[in-house]
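Two complexes follow with subunit A in common, the first pairing it with subunit B and the second with subunit C.
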Partner chain A sequence: MNEILGKIALCIEFGKINKVSPYPPNMKDQDGADELTRQALDAGVKPDEILENALVPAMAKVGEKFSRKEIYVPQMLMAAKAMNSAMVHLKPFFQSGETKRKGKFIVGTVAGDLHDIGKNLVAMMIEGGGWEVIDLGVDVGTDKFLKALDANPGAVIGLSALLTTTMENMKQTVTAIKEKHKDSKILVGGAPVTMEYCQKIGADFYSPDPQGAVNYLKALVS
Partner chain B sequence: MQTILRGTSREVVIDTNGPVVIIGECINPTRRKKLVTTLQEGNFDYVLELAESQIKAFAEVLDVNVGFPGVDDVKLLPEVVLAIKARFDIPLCLDSPNPKAIEAALKVAGGKCLINSVNGEEKSMNALLPIAKEYGAAIIALAMDDEGITHDPEKRLKVAEKILERAVRLGIKEEDVVVDPLAMAVSADPRACIVTLDTIKLVHDRLGLNITQGASNISFGLPERDVLNAVHMTLSILNGLTCPIANPEKIAVTVRAADLILGRDDFAIRYVEIAH
Partner chain C sequence: MTNRKFQYSFNDLDVKISDVESLLGYNETSEREMIQSLIEEAIQEAAGYCSIRAEYRIFKNVILDDRNKAIFINDVKFDVQKIIFNQMKKSESMAVYVSTAGAGIGERSREIMMGGDPLKGYILDIIGSLTVDAASDLMQSDLAASLGQSGIKITNRFSPGHCGWSVADQHKLFMLMPDNFCGISLTGSALMEPIKSTSGFIGIGEHVKYNNYICSYCDMKECAYRELKDRNQ
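For the complex of A and B:
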């Protein structure tokens, strides 16, 4: 059993989606995260074990390698694709409630900002950390964040901005959320954002890289 | 076709047949915290330093962006424009999402500026095109609209055409519309750059307009960023890019090498000027 979980983790770490995927070249013609996850479930491995002992550690490794600049954005996205191909098999268990995730994370780029690479990396890392991610996409106004929070009480919020000109909209959104949901936790990130700015606008956490966000969420629920 | 910009008296001609004119990108607070702190203190020394170093590195136009949280850019943008004008005779590219700031800057700038940028959204065209007409400014037409960013070069061309038509209808000269085809990170989408390159070719072939792009971010998330940026710049120039918004200290040699190789630099004068 541990063997197949180890194989799934390797596929995710190196971005092996499924058998027909030619990437990475040294794993050609091998089963990928897709087939192996199916096989694991068929062999009776519990979905939460696959999540906790294959997906989560694999994505943590990916995040750490990215933080150390050993891999780059394309490798992260390959890993995310492999993770998604495993996740597809786990989704029915999430929906039925048989497998619980750690919590919900609402994420989007703030109003006026269309740059979504950073936001997407954070979203995939947090999903890979065992959370349900509600991705509101780009150019998300305050109202949309509030609505999503109303529909998912207790969710943690992530705001992303790449430009100094759109960063200002982060403040409005944080203020509005904190007014209505005093206890909600808000993470902010993006190139111009700093810990100082995070504190100034009343957000709860800033991380310069996706893995920092995952670690923060982990600490919230442990 | 020629787009002519002007500082106080110096004219810069951007010609669709080249050579390439670099619009210096460095007066921009994103990733430049020192610019934010100095501007907050009302200290323009660093802005002027950035202007001077870019001019020395062969920027012929300067992009000016002073957007950061809490800024009153309707006040600050014209102040910075005046400070630059007092020291340097160089055309400016006014860069702000706030049409009021652009207008306030145009009022004091004189010469002939470039507005960065008008996109295909009704709101953007309605706010900025009349201002451009009133102050005789050229515009950058950004190939995105209410429907967001398309990855189809033909559709990006359509958006550029739409802005061009609206501008011309208001009495703005065709040659004063410079198209930005949009450049996105190739790390997130392996086709991001080829879509841009194809759009440049379409705009060049079908509209014959000058073309700009802010392309330093195409290399985001990858190693050897300067190499990627230089290759993308070279291929873009081959396809019709004529006035990139870029960091001249990093890209000017590449740009002049491209001009030389494309037969636009007799006796390699411009290349040698910079590379010797």
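For the complex of A and C:
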């Protein structure tokens, strides 16, 4: 792998955002994901190479470490922030169409529920997995999911809920989506959600952690 | 019916850096230098965004239905399930309480999270949760002290969502309260707004007991609050 891509990956894995960022202490005063991504582009490295060979593997490592409980939410958020600092430089290439992403992922917390931390974590990890994320926010009704899917056919849907009361709203949304777009893939997650519940309401996949969702999406396009 | 209202300043509460660290997943052996300075900064900022209130009402019309593990307050039935019922069953009256850190802390947390600093936003979110708990602790201490003079004791606090008690019962709990009690409203899905709020019951009676370690009664073995309490034991 190109040396600079290795450095970008390392910065993202350990949450080194930019040169002024004091974290992690052993990388103090070194360039971070922000500067290194700019340097890579200036040196002629293609944006899709940066995405595929730096961002995606780095975020995969972060997700795996989180699944194994080797790191906690703060380290994951630092990594996501570092990834975002690299992504800022890549976004113009996505927008121009020069660099393609793996697909679109529409995510939202279901109707009646205002909790978004878990949903945001999943969104960050999936973006880091090379997908375009369309975040509908919190308290998202079925109609809004359907409209987003109409506007982005073929997108994968992610539904999040933190309460046993709002988890019930997942069923209504899943049923409506499957009625209108029967081939759509729907992921569900959140504290009270289980694989059994996922199967019961007709969703396609449940994961207790963000990396499971990333791996599922990866398998869909591989 | 007795009711009392409280207003606290953030400095009245004892929100510790170590408690935030624990809820973030850190322990004594973790490298914490960076996170400690972020938490310290967030605690200082949180003080300006909290509007902390608490309130309780004591209800005397209480029936404990042992067969169905339910509690009736003013003829409203609460299916609290076995674990909570057993903690409450010797109650002669019941305090229904709510407390809130206000809307500002939750809004600020979300604003920062969406503004590109998810870690700081997450830390503020946790501080908001700890603030509500700390306010509830102070309110509960006041209740214990005021009843203790007559030899009356209280139980721990229990909320809808705990130990199998359905969150949906929050609607019934709020039926016992005047509208906009403590500035809190309830969504159709039983979610309180402001989001950094809590509600529940405290049993009152001569023969009830307060347990210092209530987590041992709960089914959730990997709860972050249990880890925090274990660490503080």
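Please note the rule applied: the second predicted complex is superposed on the first by the 221 of 222 C-alpha atoms of A that agree within 3 Å, B and C clash if a C-alpha of one lies under 4 Å from a C-alpha of the other, contacts with A are read in each partner's own complex, and residues count from 1 in each chain.
Going forward, a contact is a pair of C-beta atoms (placed from the backbone, for glycine too) under 8 Å apart; a residue touches a chain by one contact, two chains touch by 3 or more.
These numbers were taken from a predicted model, which means no experiment stands behind them.
Three-chain overlay on subunit A, with subunit B and subunit C in a clash.
By the touch criterion defined above, A:186 reaches neither subunit B nor subunit C. In the superposition on chain A, A:55 makes contact with neither subunit B nor subunit C. Of the two partner chains placed by superposition, only subunit C is touched by A:24; subunit B is not. In the overlay built on the shared chain, the residue A:164 is in contact with subunit B and with subunit C.
By the touch criterion defined above, A:197 reaches subunit B but does not reach subunit C. Of the two partner chains, subunit C is the only one touched by A:124; subunit B is not. When the two complexes are overlaid on their common chain A, residue A:80 makes contact with subunit C while staying clear of subunit B. Of the two partner chains, subunit B and subunit C are each touched by A:114. Put simply, subunit A uses residues 72-74, 77, 112, 114, 117, 120, 163-165 to touch subunit B in one complex and subunit C in the other.
Contacts from subunit C toward subunit A in the complex involve residues 24-26, 31, 33-35, 110, 113, 116-119, 122-123, 125, 161, 166-168, 187-191, 193, 195.
Residues 28-31, 33, 36, 65, 67-70, 96-97, 148-149, 185, 187-188, 190, 220-223 of subunit B are the ones that touch subunit A when the two sit in their complex.
Looking at the complex, you find that subunit A touches subunit B at residues 69, 72-74, 76-77, 112, 114, 117, 120, 138, 162-165, 167-168, 170-171, 191-192, 194, 197.
Of all residues in subunit A, those touching subunit C in their complex are 22-25, 72-74, 77-78, 80-81, 84, 111-117, 120, 124, 163-166, 169.
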